[in-house]
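Handing you a structure now.
Going in written order, the chains are labelled A, B, C, D and E, and every chain counts its residues from 1.
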Amino acid sequence: MKTPAATGSATTLWYEKPAVAMVLVVVLLGIVWALASWRLDFSSFPGPWQALQALPALILDPSALWAISLSLGRMFIGYAWALVFAIPLGLAMGRSRWVHEFFNPLVSLVYPMPKAALMPILMLWFGLGSFSKILVIAMGVSLPMLYHSCLGASRIESKLVWTAQAMGMGPVARLFRIVLPAALPEILIGCRVGVVMALIVMVSSEMIARQEGVGNLLFTSMDMAQYPSVYAVILILALMGVVLDWLFEKARRYLTRWSESAGGTILR
Amino acid sequence: MKNTASTLAATAPAARSSAIPATFALYAKRAFSPVLVLLVWELVCRMGWVEAQLLPAPSAIIARLFEIAAGSEFWQNFGITLYRLVVSLFIAVIVGVALGLVAQLSRFSAAMLDAFVRLVAPIPKIALYPALILILGFENSSKITLIVADAMFPVLMATWSAARSVDQKLIWSARAAGTSRAACLWKVTLPAIVPTVLAGVRVSGVIACVVVFLAEMIASTDGLGHMLTMAARAYKTVDMFVPLIWICAVGLALNSLIGFVQRKLDHEG
Amino acid sequence: MICIEQLGKTFRTARGTSHTAIQDISLEVPEGQFVSILGPSGCGKSTLLYMVGGFEQATAGQISVNGRVVQGPGPDRGPVFQEYALFPWKTVLGNVAYGLREQGVPKAQAEERAMQWLEKVKLANYAGFYPRELSGGMRQRAAIARTLAYEPKILLMDEPFGALDAHTRLTLQAELLSLWEQLKNTVLFVTHSVDEAVYLSDRVVVLTGTPGRVREIVPIDLPRPRVRAELLRNTAYQEYVIQLERLLVDGAHA
Amino acid sequence: DIPELRVGWTIPAEEAKYLMMKRPELFPDLGKKYTIKWTQFQGTSPMIQAMRANVLDCSTMAPMSLAQGAIESGLKAYIVAQHVYEKKGYFTVYWAVKEDSPIKSAADLKGKVLGTNAYGSGVYFNLVLWLKQNGLDPEKDVKIVETGFPPMADAIRSGRIDLGTMVQPFALLSQEKGGLRELASQAAVQTPQVQIFEGCSQDYTNKNPEVVRAYIKDLQSAMAKVQADHDLAVTVDSEVTRAPKELLGKYVMTNKDFARDDNMQPNLDSIQTSWDLYYKAGFLSKPLKISDFVRKDVIAPVK
Amino acid sequence: MICIEQLGKTFRTARGTSHTAIQDISLEVPEGQFVSILGPSGCGKSTLLYMVGGFEQATAGQISVNGRVVQGPGPDRGPVFQEYALFPWKTVLGNVAYGLREQGVPKAQAEERAMQWLEKVKLANYAGFYPRELSGGMRQRAAIARTLAYEPKILLMDEPFGALDAHTRLTLQAELLSLWEQLKNTVLFVTHSVDEAVYLSDRVVVLTGTPGRVREIVPIDLPRPRVRAELLRNTAYQEYVIQLERLLVDGAHA
């Protein structure tokens, strides 16, 4: 009953509707942008309107769409790899002291390492194909997933596991039927952070090792002095981030609708 | 194992001292897996299974690490990275805490900030970097702005969630004892949220390490990231590993520093 | 003297509907009396107490304390909560001295007086500890000392012993009773436990469930000082318990 | 089985390759005698890395990147064809200052901030050489910062740097906007000067000389086609770089652009001169001989 | 028949020291008996119960159930915890049917039998709800039904009503008693409440504080079926309460 909105009267005001607030903020940011661009008067810093005008040309251009879908495709594959490897490892770390003691020092060592910075090295090892990029995305996404899976698994109420044991459930079944669902809310938090991470790593790895993709679109536009296109690509990337995050949050809420914190806020 | 640790802390709280042999054993345990990985790596290189051009041996990297550290140029690069890191983390914490508290002021500010966070937090801000270079130039200001833009969100979100879940009864207790409503903000709310905010700062620290390095790689003027770019351009594989090791060390040090402060200030256990 | 007149409280819920927690409660508590409030969960006991404390606003009726209408919190009414609500970043001594410092007492003097209170609640040896280092019972002792330290006329206690185990609870009940017998504050005491209400109070107010109204006010005519073991053998005590348990169970279904 | 050639490319100034990518039907041998797997790169130096890692067979190179790749990582490559170079009457990379700047000659640069695109690039080394020629110590007397080309003009105008390095299309755009003045150009350092050329791995070339020859032949014919048909050149360039044709039409393959030769014959003497200059200035740790990078029967022009 | 022989449990703490929670406890519980375990907080009541459940390993002595030494958990011993420990991702029905499904009962049949149990604990209308949508009392009802559903011979209850308010607690106590009077399982019941122990049990085992040992075993000779209001007036009942409260308070200081 202590809802987050427990302060003051609880009816929703007009500006508290998410869509309205979003539009307000977008307009506000747009105005700030327009003013800044007008004030600075750099040829390299067009206003929002010019960026929007450059948008259709990008979206209607098959080669640009192809670049975007290539990037997205690599991102999803990298993300899927991380799901497959990081979550089981994280759960194992959360449940077994040995696994934890072995992997935790390694994980905390590589945690602050900028994954995209490995691109030049990975390219030496794995060549130019998508593999290095997928790998670097998977690595970037893995860490939050690993961390949250481990946290989720280690925080499971031991009585849940005991209850299942008392019913006669074996250890493997317990891992999948008790530990996994019980840790799911926490795992999904890691997965949500992972979505944003995937985008960041995708863009920065393409900036560092430029090949077909959104990051390259951005820099090619810059190298050819197509500044409105630069900002149009940035808009596309921003939109991708917002939409993916929003979709993921929907999915997360649906999957954990049984959980106490399902109705939680954006705060992760 | 975290469960047992927390029950222990709750049941037997007073004793805090730890025996020295136990600490040593702890460090030995923590070092085990990294050392193992290094040994295997070294072995692979010594056996000549990979070309040194592609994967240099750890011993070679460490030797090079010291060699580079002997020059003053390295310390300039290291210093500038550290400077950017510290300054931007500082700004990120101030801005994050301030915005997080502003959200508490009114329902309007809360709604706006909520939308702002939903909208801006998931944007890969590194994509804005080219724009920042165009606007702010190539030196500290664009890099620091980028780091702040990325690193402030964990602090902001931690402050926000902590501030609005401060136990109402703490505030009531202070109010009943005669503290004014405004004074409660810094006498109760602020100390109450410190532990959560520090947890946010910890995440921000990691993000700042990552972003400063990437920014230095992409607009490569100086710093550790620049060292990597230069090494890559000159095809010196060994030299590419050196800045990476340093940034990991910086991240680790930052993390344990914040962890230390966190433990000092967190009286809730 | 607390005077509650036709008090009502209606909450606006997040769904936009409204929910009446308390309706038309009138009650007078003379100075120095120990009054317990008993009622099923969710009947508005805490809400009533918070309104007397000035933490929440009534939506109908009014409360006055010694003739002055309650507008907000004040040091004449000291709250003690079930969850202790100690400041986790202050030591036990710092917590107890807090109210005095807020009243403008100089630091040295505030700490001296705080120590006296800590002795009274048997925590003198734990002055430098942080709340998390204490057991539940000790935390509640510290919370009581923190409130008593700034000498409020009225104590507002919301299930202060609800989270304690039986043994600690018994001890603290006895300690509270002996403290109160020295100080003679007015006490408004919310509890779930019939037993506890009868043991401690001069009068027990039984509330009915949603919305909370006064079902009955039962004066407890038992001699003081009260000794628990004797009380348990006392037929009058047993009858009070039986009567209140019945009122409670019926009240919940009313 | 048709042999495959793995080729790296970059933006800008490789019109011959762009035409082969976008109009493969114009090249009868392509797809019959050999196929090409195109991969885009950020610049010549990652391409050298890729060559070294043996994931590319041919790529665009600059004199400096090939030299360093050869010395530092042991890359073995042949120079097979030349893309663009600087010569009188065509565009040369130049250094610009603000119109009303008091800087009138290199000597005035003492204590100033100079902008370059990337440390270690050919453009950067030319700047350093030029400073040295004019008696300035590039380490002590000036501060060279890396800005990249795009913000260069705005950085000069806003006073963030005192001198910037101008290339196309930024040079053209800044001339249109006005406010900048050319102080000197790379011609002061060396002319003619090779900008970029095509290089192929020696291993691959020695194994498949026919394939590389066919590739060079197609490059030559592509170069001839874009030289002959300005509109085609601009169209293809626009398809690759996504820049509008109006902008490209103003300079691509005109005398406002770098110079190109139909037969793509590498100017080996110029490259050797560059290497010697770099070695003397201390940029290279060893002297290099151009003859180690040439196979006489696999070099443009191929008949 | 549960047979506990000279049981001991020593924990190794994180600091490397060792801590004896339980020492030398011997106890026999005949089939169908309701035995409560009472003791100060931290005396090892839960630990004892967990060892009987097979969730924790004894470090001394042994436990046998019907002649077989306990090696691990098994469906002959069903636990009910204070924190309910319902599977939050399953509906009430899913929770109750879970144990049956694990025993290999086909889905339709398991759900049918689960529904029968839900009716017995008055939750039939809440079959499709998730645990978080229920009140504390309802959650505890569901947890009891879940355990009873797979028909363990022995029920191990660890302060099952500790987190409930007085009224709900009274109701659930009565319900548990009437269920038990039908089923006649063996019950090992940990509680803090003297009152509750006397009301429900055939025998009460009082433990002393750290390390936990048996201080006294008190047989409760009160007629069944027991009705609370009558019991409260019963002098024998009062004497049991007084005796146990004294044992408890002394035991804590022992």
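By definition in this document, a contact is a pair of C-beta atoms (placed from the backbone, for glycine too) under 8 Å apart; a residue touches a chain by one contact, two chains touch by 3 or more.
Per UniProt, the chains are A, B = NitT/TauT family transport system permease protein; C, E = NitT/TauT family transport system ATP-binding protein.
Computed from a prediction, not measured in an experiment: that's the story for all the values here.
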**Asked** Which contact partners do subunit B and subunit E have in common?
**Response** A, C
**Message:** Based on mean C-alpha positions, I'd like to know which chain lies farthest from subunit A.
**Reply:** C
**Item:** Contact pairs, highest-scoring chain pair
**Value:** A-B
**Asked** Hey, how far is the Cα centre of subunit A from the one of subunit E, in Å?
**Response** 46
**Fill in**
Between the Cα centroids of subunit A and subunit D the separation in whole angstrom comes to 38
**Request:** Let me have the rounded angstrom distance from the C-alpha centre of subunit A over to the C-alpha centre of subunit C, please.
**Result:** 49
**Fill in**
Residues of subunit A that touch at least two other chains are 42, 44-45, 120, 124-125, 208, 219, 222, 227
**Request:** Among the residues of subunit D, pick out those that touch two or more other chains and give their numbers.
**Result:** 46, 49, 52-53, 148, 150-151, 154
**Item:** Complex contacts: residues of subunit D adjacent to subunit A
**Value:** 11-12, 39-42, 46, 49-50, 52-53, 55-56, 148-151, 153-154, 158, 169-170, 173, 177, 239, 241-244, 247
**Request:** Sort out for me which residues of subunit B touch subunit C in the complex.
**Result:** 10, 13-14, 167, 169-170, 172-179, 188, 191-192, 194, 265, 267-269
**Request:** In the complex, go through subunit E and note every residue touching subunit C.
**Result:** 40-41, 165-168, 170-171, 192-195, 228-229, 232-233, 238, 241-242, 245-246, 248-249, 252
**Residues of subunit A defined as touching subunit D within the complex** = 42-45, 61, 63-64, 120, 123-125, 127-128, 208-212, 216-217, 219-227, 229
**Complete:** In the complex, the residues of subunit B that touch subunit A are 1-3, 29-34, 37, 53-55, 107-108, 111-112, 114-119, 121-131, 134-135, 157, 160-161, 164-165, 168, 205-206, 209-211, 213-214, 217-218, 225, 228-229, 232, 237, 240-241, 244, 247-248, 250-252, 254-255
